[in-house]
Amino acid sequence: QIAQELAVANVTELVNKITENCFEKCLTSPYANAQEGCVDQCLAKYMRSWNVISKAYVARIQQASTSGEI
Amino acid sequence: KEIMTFLEAENSKQKVQMSVHQFTNMCFKQCVPAINNGDLSTHEEQCLNNCVNRFLDTNIRIVKGLQSLQ
Amino acid sequence: QIAQELAVANVTELVNKITENCFEKCLTSPYANAQEGCVDQCLAKYMRSWNVISKAYVARIQQASTSGEI
Amino acid sequence: KEIMTFLEAENSKQKVQMSVHQFTNMCFKQCVPAINNGDLSTHEEQCLNNCVNRFLDTNIRIVKGLQSLQ
Amino acid sequence: KEIMTFLEAENSKQKVQMSVHQFTNMCFKQCVPAINNGDLSTHEEQCLNNCVNRFLDTNIRIVKGLQSLQ
Amino acid sequence: QIAQELAVANVTELVNKITENCFEKCLTSPYANAQEGCVDQCLAKYMRSWNVISKAYVARIQQASTSGEI
């Protein structure tokens, strides 16, 4: 059940960050028009970025762990 | 049981208020560029209304988009 | 007593957000001069913005609740 | 009772330190635009002093302004 | 004891995921300036990789620098 | 032990804020090059700024405390 709560927290954090970033990149003041196409592309780009960052970070942790740094 | 109902109502009221704080903080930065007087112009008020509605649209679209990825 | 603690948390959050926003909009580096007139107008504008956003957000929640979305 | 006094003192010390973190983060961004060496210029140091004092002035003015609205 | 091991593993997994959220949020803002389509260009992907690695380098250098001050 | 946990929290907060600020001031997209000299100078400048802000803030608290404001 703890694992499940953490999973929920992670999805909530992901949704919040994507919404903030894609709102910032796709919509501009006076916010009269929806930009659904841009939001969909931005979501796809963000998920790909998440994977790139995640791989790079885990690689650094493993490298530091192998070399005895941590 | 009445206490539980009270706590749940307080909790959701609290969440709504915290969201209003977040949205006001974000939309005020974008929709009120300069301080000339204490009133809101029609244009500023319209921008604030659009801002929160477009943000919520974006949020809903991101949630649906992530659900369709699963 | 819980309701009271939440009220205090809300006022604290409001004071912090207004201070940050009005400091940012009214005072600029090297911060030599106080800008009390601008701060007072900024506070008035922020409170009006809070009310606009709050009404718009509650309207969206009620609309979603009526249409059975949530 | 001594434990309570200790905890309260720690708590207020902690709050002061967290505020110093917040103010340094904010004022450093504005008062130290470029990194040319490890020292602070007289101008930068003056700006940092002004920044924290004007921020506190703004904070007090907002609190008083909100109190007068009630 | 098994529960403790499980909780510790969950805790460190959670910390890694929260760091990935933070890094993606930060590097996406800088490395993906405009949304033209849903894919990452080679240049954007390289920038994201560099961004997280340089951030971690900076973090390690700051920790070492603070330790040498003591 | 509580005092120790607070000290750890403070150092963690300090490391995070310095890393973020010095990353922002020293490294720019596409983040191809490390900027160790700049990071070292930035760390020194940040610590000096922390001390300036800390002194100014404590002076304000003492002044308000003496004048009976708080």
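We just call them A, B, C, D, E and F in the order they show up, numbering each chain from 1.
By definition in this document, a contact is a pair of C-beta atoms (placed from the backbone, for glycine too) under 8 Å apart; a residue touches a chain by one contact, two chains touch by 3 or more.
Only a predicted model underlies this, so the values are computations on that prediction, with no experimental measurement involved.
Asks: Which chains lie in contact with each of subunit A and subunit E?
Replies: In this structure, no chain contacts subunit E and also subunit A.
Asks: If you take the mean of the Cα atoms for each chain, which one ends up farthest from subunit E?
Replies: Looking at centroid distances, C is the chain farthest away.
Asks: Could you grab the centroid distance between subunit B and subunit F? Build each centroid from C-alpha atoms only and quote it in angstrom.
Replies: 31
Asks: At what distance in angstrom does the C-alpha mean of subunit B lie from that of subunit A?
Replies: Once rounded, the distance between the two centres reads 21 Å.
Asks: Where the CA atoms of subunit B average out and where those of subunit D average out, how many Å apart are those spots?
Replies: Taking the mean C-alpha position of each chain, the two centres sit 28 Å apart.
Asks: Can you list the residues of subunit F that touch 2 or more other chains?
Replies: 14, 22, 26, 40, 43
Asks: Which residues does subunit B have that touch at least 2 chains other than itself?
Replies: Where subunit B meets two or more other chains at a single residue, that happens at 31, 51, 53.
Asks: Work through the pairs of chains, note which ones touch, and then classify the graph as line, ring, star, complete or other.
Replies: ring
Asks: With touching defined as stated, please give the ring order of all chains, subunit B first and subunit C second.
Replies: B, C, D, F, E, A
Asks: Enumerate the contact residues on subunit D facing subunit F in the complex.
Replies: Per the touch definition, subunit D meets subunit F at residues 7, 10, 13-14, 16-21, 23-25, 27-29, 31-32, 34-40, 44-45, 48-49, 52-53, 56.
Asks: Which subunit C residues qualify as touching subunit D in the complex?
Replies: 11, 14-15, 18-19, 22-23, 26-27, 29-32, 34, 36, 39-40, 43, 47
Asks: Under the touch definition given earlier, write down the residues of subunit E that touch subunit F in their complex.
Replies: Its residues touching subunit F are 30-31, 43, 46-47, 50-51, 53-55, 57-59, 61-63, 65-66, 69.
Asks: What does subunit F use to touch subunit D in their complex?
Replies: The touching residues are 2-3, 6, 9-10, 13-14, 17, 20-22, 24-26, 38, 40-46, 48-50, 52-54, 56-58, 60-61.
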